[in-house]
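In structure tokens below, several structures.
Here chain A shows up in two complexes: once beside chain B, once beside chain C.
Now for the complex of A and B:
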């Protein structure tokens, strides 16, 4: 889902840098207020954790493997605002060090995976869980949180791709950036995330939350908050 | 003398893959080991290359960051194949005169460029997506089909093929992706990462954010080694395959273990910071003054950037 350089027009990536900047500023202010001097190593730790989740391949029924983005579980374990900073830092490091995601697209990638995904996951979890505390309700809530968060991020990415032929064309009407219209980008991205990657994300979110609820429920943000 | 070594020790070691029905399947443990090892090896390669002597290596990281960001924007603004080709020529020329291993550099740039640029964009060269003059006909149907409406409509023409206009679009996108990657890798191959991150200060990125990026990178590198060790330990204890459900549970348990380990490390780092007199204020200092060589390089990059912008 990492958008590379060259796919988004300046009229898309510049505003998305702006939106991400607003979220980074709010998140940093919140973190500093809540965690004080502890925030620096704490956020770096959260970023490292988000990165590491992406390194662990998980077996999927059908014989293949996949990895999660980890923004959903980071939001459930540490809170959505911490996830904004942690996942953003991972995406920035991935873009600079590994060429995974473009430099002009850092704003867009951070908006999709570090803003949309943690907040959707967090709110879906809260909505589905309600006031329940038992595993029977928390496990499906965690699965849906991870699943919906990733699908929402994929849909937002697809919209960013799909609007390119509408807003950036050459004199002959040819698309200059991402060439696929909404009618192709949206169903393609949505389907592969609904049927495959969303399930991986949901399973990872559910298994990890289950593990923490069983062994260390005290450190889970969404449990502490309830 | 009779050979007393047990026969199973004389057999060649088992392949790290398991045989599926007619195809080779790589286990998730192997994938994990490879992924973790790649992170560590990439970091080593980057350190090794960035410390070599060369034209760009001698230039201050802030100037190179300015070069990278301004040229990435110029690359994204160009709308003509000719301009993108000229830009690409300039970047690869710079890479050739700087002492980066050119073959490794090209392999990396073109591999990702081919994957994210050419392969992803190739289907858009079909007349279904980009109408135009068909240069390579592929399929012919008895009649055309139409479905949907507004921006979510699908039109299937009678003849499907690759169009000239579509191929030009694919070429432009591929060149743009290749050029952006070439720029990123050029700066990465010639600058140590901590210097790149410190260089972000010229962009008015808050010091606290820069320190967090540096710390996370160090944590990632440290814990990537832990992940590799954990996977290897598991792999060495596996006689057969690991079933899907137990595999998933094992991975989830290791993720949780990593979370606890990162938390413990965070506490240690925080105590060490306090021990050294950290007073809740992050300030990055120690930037050396830009030399005349840095200024000249900056000016040359600015002139080249304006030239390519106007091209």
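Now for the complex of A and C:
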């Protein structure tokens, strides 16, 4: 889901830099108030986890590959705003050091995976969990949080790809940037994440949340504030 | 660090050691690039041309370890796996440094 350089027109990647920048500033301001010395090591570990889980490419046999992002569990453990910073950090390091995702697309990639994803995960968890307490509805809420978060990120990315042929074509009528229209980009990216990668994200989110609730319930954001 | 945190950090390094699975699983199941992340060469095969703007931007940045490898994805698998593990460990270190800097930046700029 890492948009490389050249796939998005400036009309797309510049505004997305702007949007991500707004989220970064708000997130940093919130973290200044909320980040404690107790939660800082977990921020580092969540970001490292996100980095590593993204290296685990999952194949669709004979087709494409994809991966989980870890933004779902980060949002549930540390809150969506801290997750914005944790996952953005990972995406920026990936772009600069490892060429995974473009430099021009850092704003877009951060918007898709570090803004849309943690907030969708967080709100889906809260909606599904409702007023339940203890173990009730915990597993489905956590699974759906990760699952929906990743699918939402994929859909937003697909829209960014899919609108490129509408935005910019050359003199010969051929697209200048990402070449596939919405009618191809959207179903392809949505389906592969609905059928496989989203399930992996959901399971990872659910297992890790349960693990943390068992061993270190005090730091779990989604449970603490309820 | 608490014993629980030590266990988590150990888990992260185990993940880095296992990261070459990210190379082997796609190989075993004959899967290719992620959708929308093709190189210019692959696009040429898929479409018969490389979109003009895409070509212009594609080589904008030369990453030191492109795609978590030392010199591209054509090197032997053992070397690719090694580069993956090194990248995983570097990832943990870079992220750790970034968090340290952010935490310091936030505490300097007052409460």
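Couple of notes before you dig in:
Everything below uses one rule, namely that the second predicted complex is superposed on the first by the 197 of 226 C-alpha atoms of A that agree within 3 Å, B and C clash if a C-alpha of one lies under 4 Å from a C-alpha of the other, contacts with A are read in each partner's own complex, and residues count from 1 in each chain.
Rule of thumb we're sticking to: contacts are C-beta pairs under 8 Å (C-beta built on N, C-alpha and C of every residue); 3 or more make two chains touch, one makes a residue touch a chain.
All figures in this text were calculated on a predicted structure; none of them were measured in a lab.
In the superposed pair of complexes, A:185 makes contact with chain C only, with no contact to chain B.
Contacts of A:196 after superposition on the shared chain: neither chain B nor chain C is touched. Of the two partner chains placed by the overlay, neither chain B nor chain C lies in contact with A:128. Using the contact criterion defined above for the overlaid structures, shared-chain residue A:159 touches neither chain B nor chain C, since it reaches no partner.
In the superposition on chain A, A:77 makes contact with chain B only, while chain C stays out of contact range. With both structures placed on the common chain, the touch criterion links A:210 to chain B but leaves chain C unconnected.
After overlaying the two complexes on the shared chain, residue contacts for A:19 are found with neither chain B nor chain C.
Contact with both chain B and chain C is seen for A:41 once the two complexes are overlaid on the shared chain. With the contact threshold set out at the top, residues 4-7, 9, 28, 32, 40-45, 47-49, 51-53, 55-61, 63, 65, 67, 85, 89-90, 93, 95-99, 102-104, 170, 174-180, 215-216 of chain A are in contact with chain B in one structure and with chain C in the other. Taken together, the chain C residues at the contact with chain A in this complex read 1, 4-5, 8-9, 12, 15-16, 18-19, 21-23, 25-26, 28-37, 40, 43, 47, 49, 51-68, 84, 87-88, 90-92, 94-96, 98-100, 102-103, 106, 109, 111. Those residues of chain A whose C-beta lies close enough to touch chain C in the complex are 1-7, 9, 28, 31-33, 35, 40-45, 47-49, 51-53, 55-67, 85, 89-90, 93, 95-100, 102-104, 157-158, 161, 168, 170, 174-180, 185, 188-189, 192, 215-216.
Here chain B touches chain A in the complex through residues 20, 25, 28, 31-32, 35-36, 39, 42-43, 46, 68-69, 72-73, 75-77, 79, 108, 112, 116-117, 121, 124, 129-130, 148, 151-154, 165-166, 168-170, 172-173, 176-177, 179-181, 184-185, 188, 193, 196-197, 206, 208-209, 211-213, 215-217, 219-220, 222-224, 227, 242, 244, 247-249, 251-256, 258-260, 262-263, 265-266, 269-270, 273-274, 278-280, 282, going by the rule given at the top.
On the side of chain A, the complex with chain B involves touching residues 4-7, 9-10, 13, 24, 28, 32, 36-49, 51-53, 55-61, 63, 65, 67, 77, 85, 89-90, 92-93, 95-99, 102-104, 162, 166, 170, 172, 174-184, 186, 203-204, 207-208, 210-212, 215-216, 219.
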